[in-house]
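Some notes on the structure that comes next.
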Amino acid sequence: MASTETLKRPASGFRISRKMLPYVLSLPALLVCIGILIPFFTAVVYSFQRYRLSQPWARQFNWGENYINFFTDPAFWNTLKVSLLYAGLTVTLELLLGLGIALLLQRRSTVNNFISIMLLLPLMIAPALAALMWKLMTNPSFGILSYLASLIGLHDFRWASSPDTALLTVVLVDIWVYTPFIMILLLAGLRSLPTQPFEAAALDGVPRSFVFFRITLPMLTPYILTATLFRLLDSIQQFDIIYAMTQGGPGNTLTVFQVEAYLNFFQSTNVGRSAALLIILWAITYTLSNVFIKNWLRLRERARGEA
Amino acid sequence: METMSPLERILRGLALTLVVVFFMFPIFWIFLMSFQTNETILAIPPSIVFSPTLSNYAALITGKLQTAAGTLDIAFMSNLGNSIFLSVASVAVSLVLGVPAAYAFARHKFKGSEDIAFTLLSFRFAPPLLVLLPLTQYFQWLGLSNTYVGLIWVYQLICLPLILWIVRGYFEDISADVEYAYRIAGHSWLATFRKIALPLAGPGIAAAGLLAFIFAWNNFVFALVLASADKQPVTVGALAFVTSSGIQYGQIAAAIVLSVTPTLALALYAQRYLVEGLSLGAVKG
Amino acid sequence: MTTLQLKNIVKRYKSQTVLDDLTLDVADGERLVLFGPSGAGKTVLLRLVAGVIEPDAGRVLIGGEDMTDVDAEHRGVGMAFQNFALFPHMSAFDNIASPLTATKSSKEKIAAGVQKVAKLLKIDHVLTHHPKALSNGQKQRTALARALVGSPPLLLLDDPLRNVDAKLRFEMRLELPRLLAAQGATVVYVTQDYKEAMALGDRIAVMASGSIRQIGTPQEIYNAPADIEIARLFGDPTINLLDVTPQRGGEGVFVELSNVRVRLADYGADVVGSPCVLGLRPEAISFVDAAAPGAIPVTVEAETPLNEKTVTLALTARGREILVSRPAGTPGPTAGPAHIAVNGTQAFLFDKTSGALLPRADLAAKRNGEAA
C-alpha cells in the first residue's frame, strides 16, 4: 500500500507552471498574433500618410486625405463597383449551382459519393493555376473554348482579353473553382438533416415544392448562411484568379480591391493610397466576418454536439 | 425519391452529366495537352486523337529546353522543390505552434484564450495584402526578405487558424474524464498530453496537417509579394512561365499537371476530412 | 488508509455556486457514501478531492496534509468514474496498469499487480481487449480495477454502478463491500441509489444543492431524516407524508387520521397546534382487523409485489394516498375496504413551513438538559 510519504511532493516552482500552463502552451500562437497585428497597425498608419516609394522624402501625415480623395476618385468607385459586382455575381451563381448539385447528390449512393468527391478536385487546385488552365483553354489561337465558341458562331470571341467579357470569364473561373465549396458544405448539411419531417411529409403526400421551400430550405438555412458568408468574405477580396488571368485588365476592367492595392503599391508606388484601399476592404470584411463567425460558431457547436 | 418518374430520372441524369463535364473537362483537357507538341495543340479543329509525347515532362524535369534559338533554362523543378519545402515546413511549424495552443484552448478556458483564438480566426478573413505590404518593409529591416524563414512565418497566417480550430475541436471531443483518470493514476500533464490527448486526437491532427499542406501549397499571393524567383513556389513560378519566351504550351500544361497532382492526391486521400477542414471545423462530413 | 478533511470548500461555475462552504471529515478506513440527487455537487466534490479541479476557497486535507495546491498525480488517490473513463486506445491491461506505470515499477511487478486485481474482479480473461470490445460490465470492472490496482489509501468511487444493468448492479452491490473491506482503504462513494448507500456506507452524507444536509449512519438517516426532502429521497417505497396538526389529549400528543387518533408517544407538548407534516414509513403501517384499536378504514387500490416485500396503495376516507409495505408472503387485503393501524413510535413530524424534522421529546429534553 502506497503511503503519503513515498509520494513525490512537488517543488514550489511547479506551482507557478500549473497556473501558467495554458499561457505557456498558447504563447507561440499569441506571438504569431502579435506579429501579424504589428504590420496591420503599420498599414493603418500608412493609410493616413502621403507616402510614395518613389518620393520617400515627401512622406508625411496627411490625416485622412487618402480617404477623402476617394470620394472624387472615379478609379476608387470603379474598384468598389467591380469588387461588389464580382462578389455578388460569383456568390449568387455559386450558391444556386451549389445548392442544385447538392440536391442532385443528396441521396447516398456509390455513384453520388463518387461524383461528389470528383467535383471537389477543382477546389483543391490552386486558384492561380486554375486561372492558368482556363487561360490555356481560352487562348484565341488554340484554346478549346475559343474553338467551341466559334462553332456556335462566336468568331474571335476574346474571353478575358476583351473588356466586355473579361468579368464574365473570371466569374466563370471562380465558379469552376468555388462552386464545389458551397456544394460540399450544403451536401453535408442536407445529409445531416433529420429524416422524420421528410418521411412524415411523404406519407401525407405533401407536394415536393412545398417540402423544399417549407422544410428543406429553412432547415438548411444555417448551412447556406455559413457557406455564403464564407464565400462572400473570400470573393470580395479575390486576388489570385483575377491577377493570374488578367492582372486587373484589360484597362481597369477588373481592378478589384486587392488587385488595385497591389498595382498601387508596386506599379504606382503609392503606398498611402494602397493602404487606404486595403483598410476599407478590411472594414467591409471585418463587418461581414462578425456576422459570419456568429453563424459559424452555432454550426460548430451543433457539429460538436453530434460527435 | 422512390417515386421518381422516368422523365425525372432522365433529367436528373442529364443534369448530373452536364455538371460532371463542366467540372472535369478542364482537368481532362489540360492533362491531354501536357502530352502534346505545339503542332498538335495548334491544330484546328482540336482533336483528342494524337500520338502522345513525354517531351514536355522531359524538358521540365531536365530543366533544359531545346528551342530554335538555342537551349533555355527552366526553373520549374526548383519551383516544385520550393513548394514542397515551404508547404512541409509551414505545416510542421504550424503543428508545433498550433497543437499545444489548441489543447490549451480546448482544455483550459483561461482569461483571454477566446480572444486569441478568435483573433487568429479573423486573420483567415482579413485581406492578406493588408499585412503583406507593410511586411515587405519590415522584412527588409529584419533581413527576412526573400528568405524561407520569412515565407514560412507568413504562411502561418493560413495554416495556424486552420490547425488551431480543427485540432481544438478534436481535443474537445475527448472526454475530460479520460484525461483526469490518467492524471489521477499518477501521470503529469505532459505525460497525459502525450499519451492520451495526442493519440486520441491523432487522426484529426493528421487531417488538419494535410489540409494545411494543401492550402499552403495552393497559396499564391504570399510568395508573389515576398519571394524572388529562386524562392518561388509553383503557383507563382508557373505564371512567370507563360510570359517567358520560347516556351511551348504543352510544357505549361505539363507544369500545371505536375503542380496540381500532389494536392489532388492528398485531397482524395483526406477527402473524409475535407468538409470539416474547409469549414474550419464548423461542419462535419 | 488515511483521513480526508474538507474545510469550507466553495466552488463556483460562472455565477452558480456548486459547493457552498462545505465541510466534511472522513475517518481513517471509513466508507463514506455521498448520497443526493443529480446536481447536488457530489461529482464536483469528488473531483476536487482527486485534484483535477480546484476549489475557489477552502482546503482539502488528505492524511492531515494540506493537498489543496497539490497536483492530481501527487495526491495518491484512486478514482473510478461513472462513465468509466477508460483509455480507448489502450488494452484493458494497459488501462489497469496505468497507475503502476506512473510509479516506474518493473514490468513483472506491474504484470503481477494487474493479474491479481483482474482475477479478483473476474476480468483476467479479457485483459488483451480494448475497451470497445468489452461488455458494459467488463468496462465497469476494468475501471474499478484501475482504481484499486495501486492500493491507494484513499479511494473515490463516482457512482460506479450507475451505467450497468440491474442484474450486474445487484451482484456488485453484494460484492463491493467485501472487495472494499479487503482493500482496507478509506472510501468516498457517490451514489443516487439509496439502497446502494445503505448497503455500502459506514456513514452517509446526504447532499443537496451544494451542501451537506445530514450526515450519519444509514440507520440514523433512515430513522431520523433531518428534513422532508431527505425523508423523501431516502427509502423505497417513498415515505408517506400527510399534513396534520398535533393535538394534546389525555394520554399525550396525538394526530387525527380519518378521525382516528394516532398517539405520538415520542413527541412533547411543544409541537401541539402548529401545522406539521407527518412522515410515515410504509413499514410503520400495517393492515389490521376493523375491531383492532386505532384501526383506520381505507380502500385498497393496488398491490405491487416486490421480491422481498409487498407494497399496497390505499386511499383514506379523505382520499389521501397511503403506501403500506409488508414482508412478502404475509397475508393482506388485495382490494376493497380494509383497515390500517399506524405505529406511532415510528412516525416523524416535520415542521410544515421549514420542512425540518421536529425533535422528539426525549431528544429535546436531553438537549435542554445539556443547555442547562
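Going by the order they are written in, the chains are A, B and C; count residues from 1 in each one.
By definition in this document, contacts are C-beta pairs under 8 Å (C-beta built on N, C-alpha and C of every residue); 3 or more make two chains touch, one makes a residue touch a chain.
These figures come from a predicted structure and were not determined experimentally.
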Open item on the list: Quick check: more C-beta contact pairs at B-C or at A-B?
Closed with: A-B
TODO: Average the CA atoms of each chain to get its centre, and name the chain whose centre is farthest from that of chain B.
DONE: C
Task: Whole-Å gap separating chain B and chain C, where each centre is the average of the chain's CA atoms - done: 58
Open item on the list: Taking the mean of the CA coordinates per chain, how far is chain A from chain B in Å?
Closed with: 15
Open item on the list: If I count partner chains per residue in chain C, which residues reach a count of at least 2?
Closed with: 71, 75-76, 103, 150
Task: Overlap residues in chain B, where contacts from two or more other chains coincide - done: 189
Open item on the list: Multi-chain contacts only, two chains or more: what residues does chain A have there?
Closed with: none
Task: chain C contact footprint on chain B (complex, rising order) - done: 175, 177-178, 180-189, 191, 196, 199-200
Task: Residues of chain A defined as touching chain B within the complex - done: 21-23, 25-26, 28-30, 32-33, 35-40, 42-43, 46, 100-101, 104-105, 107, 115, 117-130, 132-137, 139, 141-142, 144, 147, 176, 179-181, 184-185, 188-189, 192, 223, 226, 230, 233-234, 237, 239-240, 243-244, 257-258, 261-262, 265, 271, 274-275, 278-279, 281-282, 285-286, 288-289, 292-293, 296-297, 299-300, 303-304, 306-307
Open item on the list: Under the definition above, what is the set of chain B residues touching chain A in their complex?
Closed with: 1, 12, 15-16, 19-20, 22-24, 26-27, 29-30, 33, 41-42, 44-46, 96-98, 100-101, 103-105, 107-108, 110, 113, 116, 118-123, 125-135, 137-138, 153, 156-157, 160, 164, 169, 172-173, 189, 214, 217-221, 224-225, 234-236, 238-239, 242, 249, 252-253, 256, 259-260, 263-264, 266-268, 271, 274-276, 278-285
Task: Residues on chain C engaged by chain B in the complex (per definition of touch) - done: 47, 50-52, 71-73, 75-79, 81, 83, 85-89, 98-99, 102-103, 146, 150
